[in-house]
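Across the two complexes that follow, chain A remains constant while its partner is chain B and subsequently chain C.
The block that comes next holds the complex of A and B.
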């Protein structure tokens, strides 16, 4: 009995030693995302591409020793359950011994995941959530939250700046083509926390930009029918439907606008409209729907087009913005090799100073560890669906942009 | 759509006293089945629709035999079993298709303008199919032996049993009939909405509001309740554009108000007299 106990104990100790040795050979990066959904799929796809490229090229050089990247796939199920998301983070840190965390999508869940990561002093590169509070935490309590960086997207306030910049350009085109001085704008925002600031900003800023706000309609993010809303918008004579939609209602809006042959054009945030599957999901009716986006075959940076082509070849579809896990891993590699360490304290200081040329943006961080907003660098692009293709049209200074089109009147 | 769902739900409650929470989950299954047959395998609209309705109806009978019938005598157990069934269906669809929002092409393209309002042909088709299905249900219930048996069982289960009717088989036939209505709703509505694993939840709430408003177990009440709730939802959007998201809540408020003021619903008394 005693002998069995001693043999068991020895085996356990040996397993621990081998596990530590194996652990020392790799850098473990947990990819956190809702893996049953498009956002999580893109988190994982971007990370896989970065891992394969880096490992094939010899890994990450830490103190003269190459280390391979090992990814941990963590399904946070955050769209359905915030507790599931925090459990996933806890698990990858304590059981899987992840060195770094990348991902997250739903702001409510990422705020909770941020707390767990900060408890364990793990560097967490956000790749999906836009809520300002995530960066505000860093400013309010730097010593606790300094391990958090938002790699993508820009925070919600900066998203609004991009939206108004594009809106101005569309309004100008309407003034010219439709001979109207004051384009009419209908606000169509799903009822959610993230749209509140945008709606307020639109109601305040659009009149100052010589546009008339004809009304605000707020369907549920999961509404399956917006016929009544679109009828009212049609009657109000809107030229632009300013969309603030992240849920499946974005597909319904695109489809039903097409079915009704509406003369107004949709511009804004339509998360479903960013996906490759949108045209099919809207049954080919979402002609001229436009949205803020991240990736297209345009030269946002020298790395954009090669990445997008490689992604399309491997996964047979376009990347969405959460595929920026690819850039986040490359940035980590750059700072680890520069600092020659995996020590979080030293890496945080290095990331704060970095200017990283990614595939969708050129990244620098402010004191909140949010992206520094700049058109042509981190503001993203605007795309419009034209005959089944997602056509990039803004910023016009970037090579490869095409004209924005209005529905025929 | 609401009428088809609510009448099916009311039917199975009226006959077999089964509160089938999984009713709208069958509607979701039919939409997925239709999507798979039409978009993935390329069968035509009619064939895909017929197979989807047939397959889901048969599946519902299987579910009835395996899950509901063993606990049918205990209403609370039936309620829990059907909730579990619906969640299993949801997770199965999530596992199989992922959380993607899927679109189905319209059966009929184009739109017609009526009094300045553009109405897509697909929506007119839904109206026509709903009308035909409701007429068919009426025919089955009032012009066939099966309908007679269903009505007799609804009137008094014990007496029907004593008269030699196989009440279990009647209940099973009623489940099939009611789920087939939900499946038809799934097939005709799928080209207008988006197919996803959670699409059964929103109609479930509205359907419950309708059957409470119309009177639980009353088919006429379900039809009129569906019309009222449909109009109330549309009026909510026109009257309070910034509160369009409240249209579901308004339906629930009506449900609560009806429960407080007239628990038997609009046609509950007539239904009781029928019994």
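The block that comes next holds the complex of A and C.
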């Protein structure tokens, strides 16, 4: 009896040793995201693709020993609960022994998640939240927050820079084609907090860019009819409708602009317009609606087209910007192999110096560990709906871009 | 030695005589001793959040359970405490040890204001009116983003203490003091008056009780406790954001209250200690991860279906019986009342049972 007990105990101990040895062969990366939402789904999908590719190619070479990548899927539930998000980060660090963290989406939650990660000195590559405060923390208190890097998207201020850069390009086309010096712009922003700063920036910057702001219209994010707003925009003689829409009203705007045969062209943020189903949802009438986007089959970098095609083949849909977890993992692989270590201090220094060619951007980091904004590198792309197809048109220097079209007058 | 003997005698004669008190004593001991035997950082985080939400849930119960003023906007006080403490700590550079009290004080004041404005409302009208207040507060926050941090909230707050264990003890000791304080209040003459107000306010007023004053005081006390919890929450997470005022939090506390059993104080606390770690635990399984809220809802529905008065009153009725003569509670295994020696379970003959049915 005693002998079988001792044998059992020894077997148990050996199993534990082998188990921990097996774990030592892997690099654990926690993917943090709201997994019940499209943002989290793309976090995970991008990470899965990167893991499978890297592991198939032999893993990550650390000091001459190949290590497989092991992903930990952590549902942060951050859209509904900030404490849930911090709990998830604590769990993957202390329980699952994650070596690196990638993800996050809601800025308020990511700020709290950032605190937990920094408490444990874990490298956290942000892949979703845009608020400037996250990077400002690095500048204000480098020794604590240096483990944070924002891999995607560009910070909110740079997002506005992209919007105005594209706006300038469209305005230039209008000046040439319509022989007008001062294109008229109507601001159509849903009633939400996030649009306030953008509206203010537009009212300030557009006149300086030789454009006339003819008015501001603010429907609800869930409005089902915007006839009154579009009539007023028509009467104001606007050439461009600068959209700032994240809710379903984006579909209504697209459909009703088509139904009214409006001469103005829509440009800006239209989250619904980024989706593949948008054309059908807008009853095929959202001709010429344009919006910011991240991925298209254009050569933003040499890796963009193969990635987009592989993603579409595997998941039967286009990737969204949070699928940049794919790039973040590849960047980690590159710095780990270069430094031959998993030591966070050494890797932070290496990431600060890296120029990583990803699938949606060419990444370098500034002193706040934010992406350095540059057209053609990190500024993203702009797309326009043309005859049921989402056509990329900006930046024009990128191979594969097509012309931006204006409605016939 | 004398004090030890006396403490043991007190425990034996006052606590261990009833299963509910024994359970409460074991729970207190577990809350205080668990980190010493199991100091896992993740578990401490979950328990720290549990303690903070337990204060919040107990404060709601004092208001809704004891006076019947069912507040659907209790997050107002939680958020007010969080934001006040955060703003004072960050903008005035005050120690968080001082600002958490300021958070509670502002929430106390808001309790008076909300209580006063809702004084003439009862039942569902009161509940719907209270629902509006956190929404108004959210609107105010978004209207002044430079001051409030807008959608992002206020971040970079100092913690009250540094280590996970110290944070846990700050939260758990605060919780024990506040929960037992609210329990003592509810068990006092003051609590009896609150019961009277809830059961029949007109009769209570006819008996010479200034019901308005009592209702206002309860609103303020509940607000202060919730505000204190909010302030602890903000300094623990180092962020005070709009999520502290969201409707989801207001409804969450109602679920905790009803699940645990209203008008008990310990009921909602028990509910938080069961449901919060349970949902977190479910979330750690990939198979359940995204379904945890559905599982949570099913558990709550099942409990409410089979235990309509809530979990703790149901458990208490199972493990204790009430003496038919002196109304004191006794352990379920006793045959005679521990105080008056009356028979607790009368033998009922078949004929008597038949008469009873008729």
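As a convention for this text, the second predicted complex is superposed on the first by the 341 of 409 C-alpha atoms of A that agree within 3 Å, B and C clash if a C-alpha of one lies under 4 Å from a C-alpha of the other, contacts with A are read in each partner's own complex, and residues count from 1 in each chain.
Quick note on the criterion: a contact is a pair of C-beta atoms (placed from the backbone, for glycine too) under 8 Å apart; a residue touches a chain by one contact, two chains touch by 3 or more.
Small disclaimer: the values here were computed from a predicted structure and weren't measured.
Novice: Using the touch definition from the top, say if A:267 reaches chain B (first), chain C (second), both or neither.
Specialist: neither
Novice: Between chain B and chain C, point out the one touching more chain A residues.
Specialist: B
Novice: For A:404, select first, second, both or neither according to whether it touches chain B, chain C, the two together, or no partner.
Specialist: So A:404 meets neither chain B nor chain C here.
Novice: If we overlay the two complexes on their shared chain A, which of chain B and chain C does A:91 touch? Say first, second, both or neither.
Specialist: second
Novice: So, does A:36 touch the first partner chain B, the second partner chain C, both, or neither?
Specialist: both
Novice: By the touch definition at the top of the document, which applies to A:385: first (chain B), second (chain C), both, or neither?
Specialist: Once the two structures are laid over each other on A, A:385 reaches no partner at all.
Novice: Check the residue A:242 against both partner chains and state whether it touches chain B (first), chain C (second), both, or neither.
Specialist: neither
Novice: Looking at A:147 after the superposition, I want to know if it touches chain B, chain C, both of them or none. Which is it: first, second, both, neither?
Specialist: Once the two structures are laid over each other on A, A:147 reaches no partner at all.
Novice: Of all the chain A residues, which ones make contact with chain B and with chain C?
Specialist: In chain A, positions 36 sit in both the chain B and chain C interfaces.
Novice: Of all residues in chain B, which touch chain A in the complex?
Specialist: Answer in residue numbers: 94-95, 98-106, 111, 117-118, 120, 122-123, 191-194, 196, 198-199, 202, 233-234, 237-238, 241-245, 248.
Novice: Give every residue of chain A touching chain B within the complex, in rising order.
Specialist: For this pair, the touching residues of chain A are 34, 36-38, 41, 79, 190-191, 215-220, 222-229, 231-232, 234, 248, 251-252, 255, 259-261, 272, 277, 280-284.
Novice: Under the definition above, what is the set of chain A residues touching chain C in their complex?
Specialist: For chain A paired with chain C, touching residues are 35-36, 73, 75, 77, 80-84, 86-88, 90-91, 94-95, 107-109, 111-112, 115, 131, 133, 137, 140, 193-194, 196.
Novice: Once bound in the complex, which stretches of chain C touch chain A?
Specialist: These residues of chain C touch chain A: 40-42, 45-46, 49, 142, 145, 150-153, 155-156, 233, 237-239, 241-243, 248, 280, 283-284, 286, 289-290, 293.
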